[in-house]
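So, here's a batch of structures to check.
The two complexes that follow have subunit A in common; it is paired with subunit B in the first and with subunit C in the second.
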Partner chain A sequence: MSDKNPSSPAAGDRPVSRRTLAKGIGTTLGLGAFAAAVSPLMRRTSEVSAAEFMQQHYKDLSEDERAEVIRRLEAEALEQSGREVTIRDQAPIPGTKFGYAINLSLCNGNGKCVEACHRENNHDRDTNQSYIRVLEMQRGSMDMEKGNTTYDHTVPAEDKFYLPVQCQQCDNPPCVDVCPVEATWKEQDGIVVVDYNWCIGCRYCEAACPYHARRFNWKAPNVPAEEINPDQGYLSNRVRPQGVMEKCHFCLHRTREGKLPACLEACPTGARIFGNLLDPDSDIRWVLANKQVLVLKEELGTVPSFFYFFD
Partner chain B sequence: MSERTKTDRPGRAWPLIATFAVLAILLFWAVYAVIQARGLADVEVEDVASAPHTEAAVRAAGGKLYPVQVRRPAGPPQVVVGEDPVTGATRLVSCTTCHATRVADPEHGRTKALDDFHGEVVFDHGAGALGCNACHDPSDYDSLRAADGRRIAYADVMRLCAQCHSRQHESYRHGAHGGMNGHWDLSRGPRTRNTCTDCHDPHAPAFPSMKPTFKPIDRGLQPDGSSDH
Partner chain C sequence: MTEASPPAPLPDDRPSSHFVTYPRFLLRLVRLATDGSPAYYVWMTVLTAISLVGANAWATQVADGMILTSMTDHVSWGLYIANFTFIVGLAAGGVMMVIPAYLYRNRAMHDVVILGELLAIAAIVMCLLFVTVDLGRPDRFWHMMPGLGRFNWPISMLTWDVIVLNGYLLINLHICGYLLYTRFLGRKPELRFYRPIVFLSVFWAVSIHTVTAFLYSGLGGRPLWNSALLAPRFLASAFVAGPAFIIVTMYVLRRLTDVRIDIKAVNTLVQIVRVTILINLLMVVSELFTEFYAGGSHISSARYLFFGLHGHDGLVPWIWTAIGLNVVAAVMFLHPRVMQHPGLVSAACVFAFVGVWIEKGMGLIVPGFIPSTLHEIVEYSPSLTEWKVTAGIWAFGLLIFTAMIQAAVPILRGQERAA
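And then the complex of A and B:
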């Protein structure tokens, strides 16, 4: 009888009371859960070098600092993938504003542009990521929200047309307006770029873009070393880190050297026209002057540098 | 009486035939003159490299400009006539090998109607209005022939296509038709452009159907409507 009395001297002989045990288990589980919850943070912090953590905004970097940053990124790329890459930082060509047009009468939705973008820009192989989506559209409608990207039948299908959509490089870009840290901005040549080292991954810009043109790196892109395109740009196709936004940059590592974008070169129907909007004799200006061009969601006032036409 | 009329008829018909002949010659000359005047016979396919849109680029580059090279067919096509019995190599002969002795029958304007050779060629061009000799030169099958009878080398096939497809050719000259590679800025590098037959089969020029082979995997947009949530 006295044995069962909790206040009896015999109780003091027990190493731990039930209450203490419960507290101990609770504390251990709680600490374990907390450690598990914050572990990605610890892991990420260990990956971020002090130099990367202290890196300033792209626009605030001096030329020497930029060169230093690029040297570091190249070294990190070599360390992570075993592949030697060249990261450059091409400035906009003075007197150039890029424009793009697509002839929707020629485009047949084969998607070669989507694949070319995927390879050129070191996109994640697991998700077949790309800056371009081709929408299968009902003839007679220009409502891109009703387009379908998952068609996999022989193209072109009866009564359909195909609308490739990528960043429209707006003159009035809503994505730039909403960025809380100014990690994305519009350059002199009209290209809207992202500083992947400044982006905090809040995805406001993805929500703001009416063209669904921005992509989020849910994980670090998986690109086999032998498939990495080593010709890279700081603001364009260098392999992005996890947790940042990215978008079509008109292949600026190519176009700022006078080359055509990868998606244009890959198009088997010749539907894509690219050039300098400020050159009155350019191909793109001839298209604007001689074809009935339209822009997507004109009513939003985004003023795209991307045009579409039928002929 | 009846005998006299029989003998008289040929005599009376001669002036009539002569008049018709003169009229026909006059008509032919008139049509030819009109064609010449309108420049229809002068379908000029300018060298795209000298197209006007490059002039500003020439100025910007201080006169130096990389070329726009338009791809060209290597030359007249050759016909497979079987394998060499010894080496097993494919034997090719040029068109004139056979056509030097075999006279083409203009009645057979369709490949399907031909007994041997070319019967396998699928011909679907011009909605039934065209035959072989609309483009091929019956006097020299190693070259092509414009509508006005002038010879066009196979390498200049774009000149031939442009006489009917002038709208496409106009777009082509301004970079708005046909695929290309290289540089948008000719002051920094050259450009290579396709010719008509790189993309279009001249005998069946409609662009072929294709199968999309590459699809991004977007969350929640799988074809069966499934997603990982």
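And then the complex of A and C:
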């Protein structure tokens, strides 16, 4: 490989040697080939506006800047899908910390919560995405290894119980710790959110989450215009961009306005209880006070705000 | 790239300024790296072509989304991060040239130590590329830049990795650059300008692989990775793969060029690998004993990896290939007579290299995700896009490694001087 005949200074006597010319041609061809090879990037640059590229982190935006960003996102949504949407930026309610509980004696695995989440949160139709997975579990065991998420028979089945799992909104969330760019954080009311316009898509949070609560946009989500839920939140159910992470946000665009999460409203069994953990009169507090509740993977020290109990 | 104009003869009594000689030095490096035999041009053209195929596959992936990979929400890291992990080790392994050369003043190693440092540079560039191609939004890379974006340091281990990898790159660029530049000027390198940095590089090499191991071992939800043994294991296997790669490089240089490589340098590295490969195997065995003797659900990943789980066994052939290669290589390294044949030594090195590559990638990163945290089994096998991008980055890494050697060797041998 080494040059047996290193170019002596004499070789440089002529201003342009044949070799220099060949190198010049080679370099030009190489650069041209490189430009052609990476040309698919141009398709992407036409989709990402300069304003989106330059946008600062959610927490660094002033009120005006946030309003501006939201106007831009609404305009882009209209342009891309032809659907008029309203994106709001609901703030946490002071004195609120949300908690969720599921009565596993009532849940029968019908999967209505999964579907409701899918529609409410503008999930990709092609992959049938949802923030909730329901495990069909063996009675008498909490071992998930004996569970099954792909059951498709009439429910409830003999000797089974059903364990719906979504983001546990941990007080000690490993996903938040690992994010290299602070694109995900825990809000005042306990909800762990993602700034879809800041996430770089490294998926470290997805590796860190012990509950399989995070979802990545492997492609731009496909939601037909007529099926889009136009009532959207910046940190919640707006249609996500390609290549970023998302997760359950306790339907904060609803719950921060006094409504209940879509999965709870859809549940026909009444197994789901949602409320403010700081309000002593809330249903969730009644459950915590009167039922023997448990949390998933307690030994990991994640301190979930999501509880399960049997009647 | 243009050829440097012939340097004007300098008056002997007036040393020229670095502002003049340094650009001239850089130009000379470019010229040397682009000069070579026909075989050199063929080799570099092939590598360029493969790199371009990779660049094209990556650009398409950015445009159409990472749906073009085989990764899923269940197995969310695949071939890219597997290669990243392995190549961080390769970069750290380069330091196994530095320790004998500078700490033990091994003469033979002193002449070839630059190979280890150049390997480190090429490997770190490859690492940075592997992380970049794994990003869903590479256009947002500036969010990671301290000052411009929001850098979650010191909480996120990934930010530590960004710091130590870039630091290691700068350290090695400085050492190689300084030694070559002084040789170019025909001066003796001054110890105070590089020896402290060399010692720093030894600690830094350990840090890059430790931090990379901490990326995984710090995750409580992934039992296969959540082991204190991970960082030492990473280091041991790095000190197998790095020296193995350099041994083969030295044989290739000896065969194809007139660069004289002292056989003692090869022997020193063989002795190192002989020990590190056994330490690595010992740690793998300890890990497996702890897992399988205790049993329970937290060993599902290990069971899936080695024996298959509930009828899924996609990684079983991979891991047994890795174990086989590592054991055969270990036996070969232990056998003194085998080590007298360059062909057999090279074969042992290739076995060890491939064995460690599988063990750290398809044998560690991927099974960490199988079964998932909800114990679902979704298997993974890399897509064509992933193979193309991976081949492209390897080719690009070899390209810059070759070019750097091509430029460095004549300067080190004093054939290329300023003026």
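General observations
The criterion applied here is as follows: the second predicted complex is superposed on the first by the 270 of 311 C-alpha atoms of A that agree within 3 Å, B and C clash if a C-alpha of one lies under 4 Å from a C-alpha of the other, contacts with A are read in each partner's own complex, and residues count from 1 in each chain.
Methods note: a residue touches a chain if its C-beta (ideal position, glycine included) is under 8 Å from a C-beta of that chain, and two chains touch if they have at least 3 such contacts.
As the structure is a prediction and not an experimental result, all values here were calculated from the model.
By the document's definition of touching, both partners, subunit B and subunit C, reach A:R133. Of the two partner chains, subunit B is the only one touched by A:V287; subunit C is not.
Of the two partner chains placed by superposition, only subunit B is touched by A:V155; subunit C is not. More subunit A residues lie in contact with C than with the other chain of the pair subunit B and subunit C. In the superposition on chain A, A:D311 contacts subunit B only, with no contact to subunit C. By the touch criterion defined above, A:D177 lies against subunit C but remains apart from subunit B after alignment on the C-alpha atoms of chain A.
Applying the stated touch rule to the two superposed structures, the overlap between the subunit B and subunit C interfaces on subunit A comprises residues 133, 149-150. Remark: subunit A residues 1-4, 6-7, 9, 12-13, 17, 19-20, 23-24, 27, 30, 33-34, 36-41, 43-44, 48, 53, 57, 60, 133, 135, 143-145, 147, 149-150, 165, 174, 177-183, 198-204, 206-212, 214-220, 241-245, 297, 300-302 touch subunit C in the complex. By the touch rule above, subunit C contacts subunit A in their complex via residues 1-7, 31-32, 34-37, 39-40, 43, 48, 52-53, 55-56, 58-60, 62-67, 69, 71-74, 76-77, 131, 134-141, 143-144, 149-152, 155-159, 162, 215-216, 218-222, 252-253, 256-259, 297, 300, 368-369, 371-376, 402, 405-406, 409-410, 415-416.
Across the interface of their complex, subunit A is touched by residues 52-57, 60, 167, 171, 174-189, 191, 194, 199, 207, 209-218, 221-223 of subunit B. Across the complex, subunit B is touched by residues 93, 95, 101, 103, 106, 108-112, 114-115, 118, 126-130, 133-134, 149-156, 255, 257-260, 264-265, 267-270, 273-276, 279-283, 286-287, 290-291, 311 of subunit A.
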